[in-house]
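What follows is a structure written as structure tokens; I'll ask about it next.
Chain IDs A, B, C and D follow the sequence of writing; residue 1 opens each chain.
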Amino acid sequence: ADDSRIGLVPGGPHPYFAAWDQAAKDAAKDFGLSGADYKVPQKWELSQQNQLLESMLSQGYNGFLIFPGDSVGTVSTVSEIVGNGAPVVTGAGCLKDPSEAAFCLGTDTGNSAYLGTQELLKILGPGKRIAHFTGFLVDPNTQLRIDAVAKAAKEGGATVVQVIADIDAPEPAEEKINAYLAAHAGEVDGIVTTAWVPAVVAANALRKIGDKRIKMVGIDHDEVVLKAIKDGFVSGTMLQNPYGQGYIGAFALDKLRKGCTVKADAPFKSNALTAKFIDSGTIYVAADKVDSYVDAMREKTKTLLASFGDTYLACP
Amino acid sequence: MTAIFEARGIEKSFPGVKALKGVSLTLDTHSIHALLGENGAGKSTLIKIVTGVQRPDAGTLLLDGRTVAFANPREAIAQRIGVVHQERNLIPRFSVAENIHLEQIAGHLTKPVDHAELNRQAARWLEMLGLDIDPRTPVSRLSVAQMQLVEIAKALSLRSRVLLLDEPTASLTSNETDRLFAFLKRLRDGGASLLFVSHKLEEVQEICDSVTVLRDGANACASRSMAGMGRQDIVRLMIGRAESESPRRDGAAKARQAPVALRLRGVETALGHRAIDLEVKEGEILGLYGLVGAGRTELARCIIGQSAITAGTVEVAGRPARIRDVAEAIHRHRIGYVSEDRKGNGLVLAHSVLDNAGIAVWRALSGRFGFLTNGRVRAAVAPFIDKLEVKTPSLSQTVGLLSGGNQQKISVAKWLAAGVKILIVDEPSVGIDIKTKAYLHDLLRELASAGTAVIVITSDMPEMIALADRIAVMDGYRLNGEIQNSGVYETMSEAIMGLIHRTEAAA
Amino acid sequence: MSPAALPAAGPDGALARLLRADWFGPGLVTLAAMALIGALSPSFLSPLNLQILALAIAVNALIAFSQMIIIAIGQMNLSVGAIGGLSAITFGGLMDAFGLPAPLAAGAALLVGLLCGALNGLFIVWTGISAFVITLASLSIYKGINLGVTRAEPFYGIAEGVKAFGQALVLGPLPWLAVPTILVALGLSFMLARLPIGRFVLAVGGNAHAAELSGVSVGPTVVFAHALSGMLAALAGILLVARLQIGQPTIGDDWLILSFAAPVIGGAVLAGGHVSVAATLFGTAIVAIITQALVLFNIDPFLVQIVLGALILAAVGLNRLREARLAATRRGAAR
Amino acid sequence: MTIDEAPAGAPARAARSRREPRPGFWLTNEFGLLALILLFGLLFATLANGFLSPFNLFALGRTAAVNIVIGLSMMAVIVTGGLNLAVGAIGVSAAMACGYGVETLGLPWPLGLLGGLGLGAALGFVNGWTVVRTGLHSFIITLATMSIFFGAMIFLTRAESFRQLPPAFAAFGRAKLGGTVSPLLLVTIAVMLALVYLYRFTALGREMLAAGARPEAAELSGIRVGRVFVLCHVLSGLLAGVAALMLVARNGAAIPSMAGQLGQDWLLPAFLGPVLGGTLLNGGKVSVIGTALGALLVTMLTSGLLLLQLGEFWIQSFLGLLLLLAVLIDKARRSYLARRNLA
């Protein structure tokens, strides 16, 4: 409606969310919102995000797409926001049930890691050894990813020989991943990365040692990773759909403000965190699709949007 | 003799204090000029203004008849005005040599420092002052007296035309002082102009040609010739009346029968003392004399539990005592120690007068849940602060802002308030003016008469002879012997020096 | 190494002097750690691994030096990371967006670092407000500019020459990236030990008032130290861009702790006046070796932090033990 | 002992010569901060929409309440001339211990709270004891223990949150007294009062200050410096625990990420308050009120800037500039007053 002011708030500054900015602008135009803004906490800090959200509420924003800074810690903030009459949808990451968020629109982090590992094993064949590079341990998703990779490896008859975590910053990531490859390159056949920075750094590291024997599956759409795929140093990457999250999230929030409600019998999926999960799309991109993945994502967004209202919302 | 430097009508205020009220002073070539006054009279402030450390509120400075204004110490140094400040101003981790020549280094911005050359040059200055230390030693490892000599060497190395010395001899013994004076006289004869601040009037009379006296920030006399001035004349100018000789104590005889308060037997320490046998009786004042580096301060530190006693026995009030830390010494055995290094560890300079004077009694004064108010502390310490005539705008003044002498009074007042049974006083009158010194001596005597055992460590021979009942002489971390004090300066000083040189002769 | 660590009086030989040197303890710990880890896991001493180690040390040492020079004047610089980050994106941005040749871009980035540092110093001297507060504010400003310019997105268009430089080797396992660091280390040692400005820095840190009284210009010295610190941080940022091959806006975000840890492990006195280039270098090496060892021995990621903390404690504890021994023997010899 | 028998005239003179003038209230840090808070408050109230809205004031107070206690926790160690990098790690550990006690062990919540605080104090003790025993700088010790405490917490909890807490917890964090005041603010005020009492009116508090300002002098005056320093660290740990439990109430759960990786997110608020409030980093001087005002000022600046909606990525720059501006204004005020006082 014309009085909807939607805020799109990630957990902190990160290139992944850049697409939300465009999505917000497009949504405001396409759906006739009075405003949709992408606002970024200055740091990846729960308290900073909370403060930003509180401030936006004071400024009159009345619908929020939020990437929860913490899947449990943000529950309380969300319920405060909802208590003030502003609907909340979580995007890219979910809140742990129970929460007052309408639903979660994102990538199933665990499943994505699971699928990515499967893709890797498809390339490697059975009985191989893989390493897993991932992000901060304080992020509960990290544990989900570790478990998912382990599960896929077990099913595929591979062994996870090493997990390196807490490398969401480029410097330690570079140091640890390189050190690992320097010492153990011969003892590992594949690498799966489930966080942005490790994917970038590992792609560069493989390029550096020029070893195409080790196969790698990355995550997200960083240019370095995409280029490494083209050049053959990385086999593929698990892409998510940030633009779709932002665009559809804004659409749904506007509807919710107009009096729509979430259907009780909607075909939500469930993941490790919530039973109200909607998959915004995950695709595996290998060298053949590097140039066309954007179209694929657009397509996915379009189909999701077309049926979204009917599938998930009950409108007066 | 011609005037080289002149200060006219200098004024300077600090928050709450008017430190200088129109002070004038003229320095001549070929002369040593004394600047005298009580603690807080404004001597150091005047020196700081002359050397560009502080700016005057009013008044003019003339060098060679031309008006000068120094915006910072560098400009004064450039005009060859050197200074030894009252406070130690050395870079603790730099070597002795580099400290001495820091001004030189600051003069050549691009020339790499030649440490070997600096060491060679510094060695010469050290030798001239009779300081037997390696120029490569970091100054943080020196004793107070050694630092003072380094600071003097630093000023001398500039070969200044005007040299201001603010209590350079405060922590020196007569030996070093004599050496220094010989040197200063040579400088004077070479044409330099020297300003000398001291509270030891014997020294002033020995080497000064003219004198300026300050009283409460104003001239009591400006640049008068010393000729014909007696000690009493100077004293009258300084404090407005003549000095009253305090009579020697007669308590000494009584004390001889009193019970022993502290006894050391065959004590050896981790710091290197050997075979120390020493006792002090209640009501007795024991003097501990020795040259710089004799180990007296160190012995005191071992007694109060700061360093370990490795052999022998210590008895306090007749009972064997093992003192493990200073808190135990103070609270259980009631032994207090007035440190010689008041800036380093005698006072908490950043805290108020009240907090410093009361620190040793907080525990005793605090009530339930450790409750303690300023009022209660003030009631306990104010009498002593008054008695010592501490000059401070208020009890909440920061101690670091007081004049040197007044700081020293606070560090003594602290122990008076604590009411200890054994008091060790290390160089008590460093930097204290004669009036206060007399008070302090009276006070120590009074304390002793009331039954406190007092150990006085001092390198000031006249003070030692005026104060002590009995004098123990230390050298090289051993006790050389003891003598009863007869109070007659000549015989006593001879006897003491005899004891000191006994080992040297033997060695 | 500062000659403050020069031996004192006494008839002691070269060995005693060595024992007393600041870098000796950390150096010993470094060697012992390398020998131990090398014995347990031979691949640790492989050329490739040594090269990785050298790369990590090369950048981290510059970060540590950048802080060390400020510790030397008895202050803190909380904005090292922010300056490094800003310089890094300047370097990357000029190449990516304006197609500037790498040397020019690097020069500009160094200038940005120098300027940022000098501004810190000027403000501290001019206002007399503690460096902590000023650099805290400027940390926010510099980091904010970084975010404002990049919108948190990296610059990818790094010149090929820079990328090649980031991976090239000089000799054996010694990477080219380490060369600027080695030069800086040598220059800093010489400056701190022999050049008047270096001595001023240490004098101001040891006792600013005394230095002022001795004719040292305290203000300019402080500004100089901060400008130098900014430039070293910038250099670290530039090298990091070469190493990471992208102009990450997050560069510098977590330099702060590291920048203090290495000098302090190397025996720097936080109160000022005493730092050692060699010891800081070894401090950096110790942290890098520990980090690598944790990866090498495949420590459970949930245990990594505990082990890291314990090892740092062990390293400084060992060094401390040596110092205590030394002090004890010195006291014994005093008499 | 005759020490008490001062000369008859002395006490009278003491009273006369020392009318303790309050050393320029207008010159104090606290007044400066208060003036700045009013100044910027007024500015934001006129420029920023919604600054004075009840919800914003409520949120502001609640954020400030936690930041103040975090600042006080750091202040307790800065007194010794050291610092405590492990405040965040201790805080999270305390919160998780409380959550574990209540959720897993099923303890009644007051016991859970006590358990959390107890662990905070105990970890503080570990820090203090290690610092005093080894003689190493607290920087390096707490750097290491930060890793160790946090690592142990992550290892034991596997980064899982505790959220089955009594609803009273979350209700407390969200309650509004009189529409705008968070009860967390009251907790903070209680903590401040206790600390003011400690530093002003107890022997222990004074000993902490004296020992921090000059350990050598304090030692020679009979203060057991080592013991006092350990107590400072214990106090710091305890306060970190209090801050963490306040955050538990605010978040309605005990979560391992509430202070960020290694608890480092707390470091900035931990230092900002004390430093702006006039606590000397080399020890010996504290200001409880100043720390609180400092934390409040920063929280307010952040809130005001967010409301002003300046370019979203530039906010941090503006915050830095405002901070700089604030200290400059304060500096100008001080030199102005100092000049006038002397004239």
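The rule is short, and it goes like this: contacts are C-beta pairs under 8 Å (C-beta built on N, C-alpha and C of every residue); 3 or more make two chains touch, one makes a residue touch a chain.
Protein names from UniProt, one per chain: B, C, D = ABC transporter permease.
Predicted model, so just to flag it, every value in this text is computed and none were measured.
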| item | value |
| --- | --- |
| Chain D (ABC transporter permease) reached from chain B (ABC transporter permease) - shortest hop count over touching chains | 1 |
| Identity of the chain that, by mean CA position, is farthest from chain A | B |
| Distance from chain C (ABC transporter permease) to chain B (ABC transporter permease) - Cα centre to Cα centre, in angstrom | 43 |
| Averaged-CA centre spacing for the pair chain C (ABC transporter permease) and chain A, given as whole angstrom | 36 |
| Distance between chain centroids, defined by C-alpha means - chain C (ABC transporter permease), chain D (ABC transporter permease) (Å) | 30 |
| Numbers and ranges of chain B (ABC transporter permease) residues touching at least 2 other chains | none |
| Per-residue multi-chain contacts in chain D (ABC transporter permease), two or more chains | 154, 158-159, 313, 315-316, 319 |
| Interface hub residues of chain C (ABC transporter permease), defined as touching at least two other chains | 144, 147, 151-152, 254, 302, 304-305 |
| Pairs of chains satisfying the touch condition | A-C, A-D, B-C, B-D, C-D |
| Chain B (ABC transporter permease) - residues contacting chain D (ABC transporter permease), complex | 13, 15-16, 304, 306, 325-327, 329-331, 337, 339, 344-351, 355, 359-360, 362-363, 365-366, 369-373, 382-387, 393-396, 414, 416-419, 446-447, 450-452 |
| Chain D (ABC transporter permease)-facing residues of chain A, complex | 13, 37-40, 42-47, 50-52, 54-60, 69-73, 75-77, 79-80, 84, 96, 136-140, 142-143, 166 |
| Chain B (ABC transporter permease) to chain C (ABC transporter permease) touching residues, read off their complex | 53, 72-74, 77, 83, 85, 89-95, 98, 102-103, 105-113, 115, 133-134, 136-138, 141, 154, 270-273, 477 |
| Interfacial residue positions of chain C (ABC transporter permease) with respect to chain A in the complex | 41, 43-44, 46, 48-49, 51-53, 55-56, 59, 144, 147, 151-154, 156, 167, 240, 243-246, 248-251, 253-255, 288, 291-292, 295-296, 298, 301-302, 304-305 |
| Residues of chain D (ABC transporter permease) that touch chain B (ABC transporter permease) when the two form their complex | 1-4, 6-7, 10-11, 13-14, 17-21, 23, 201-207, 209-210, 213-214, 216-224, 280, 284-285, 338, 341-342 |
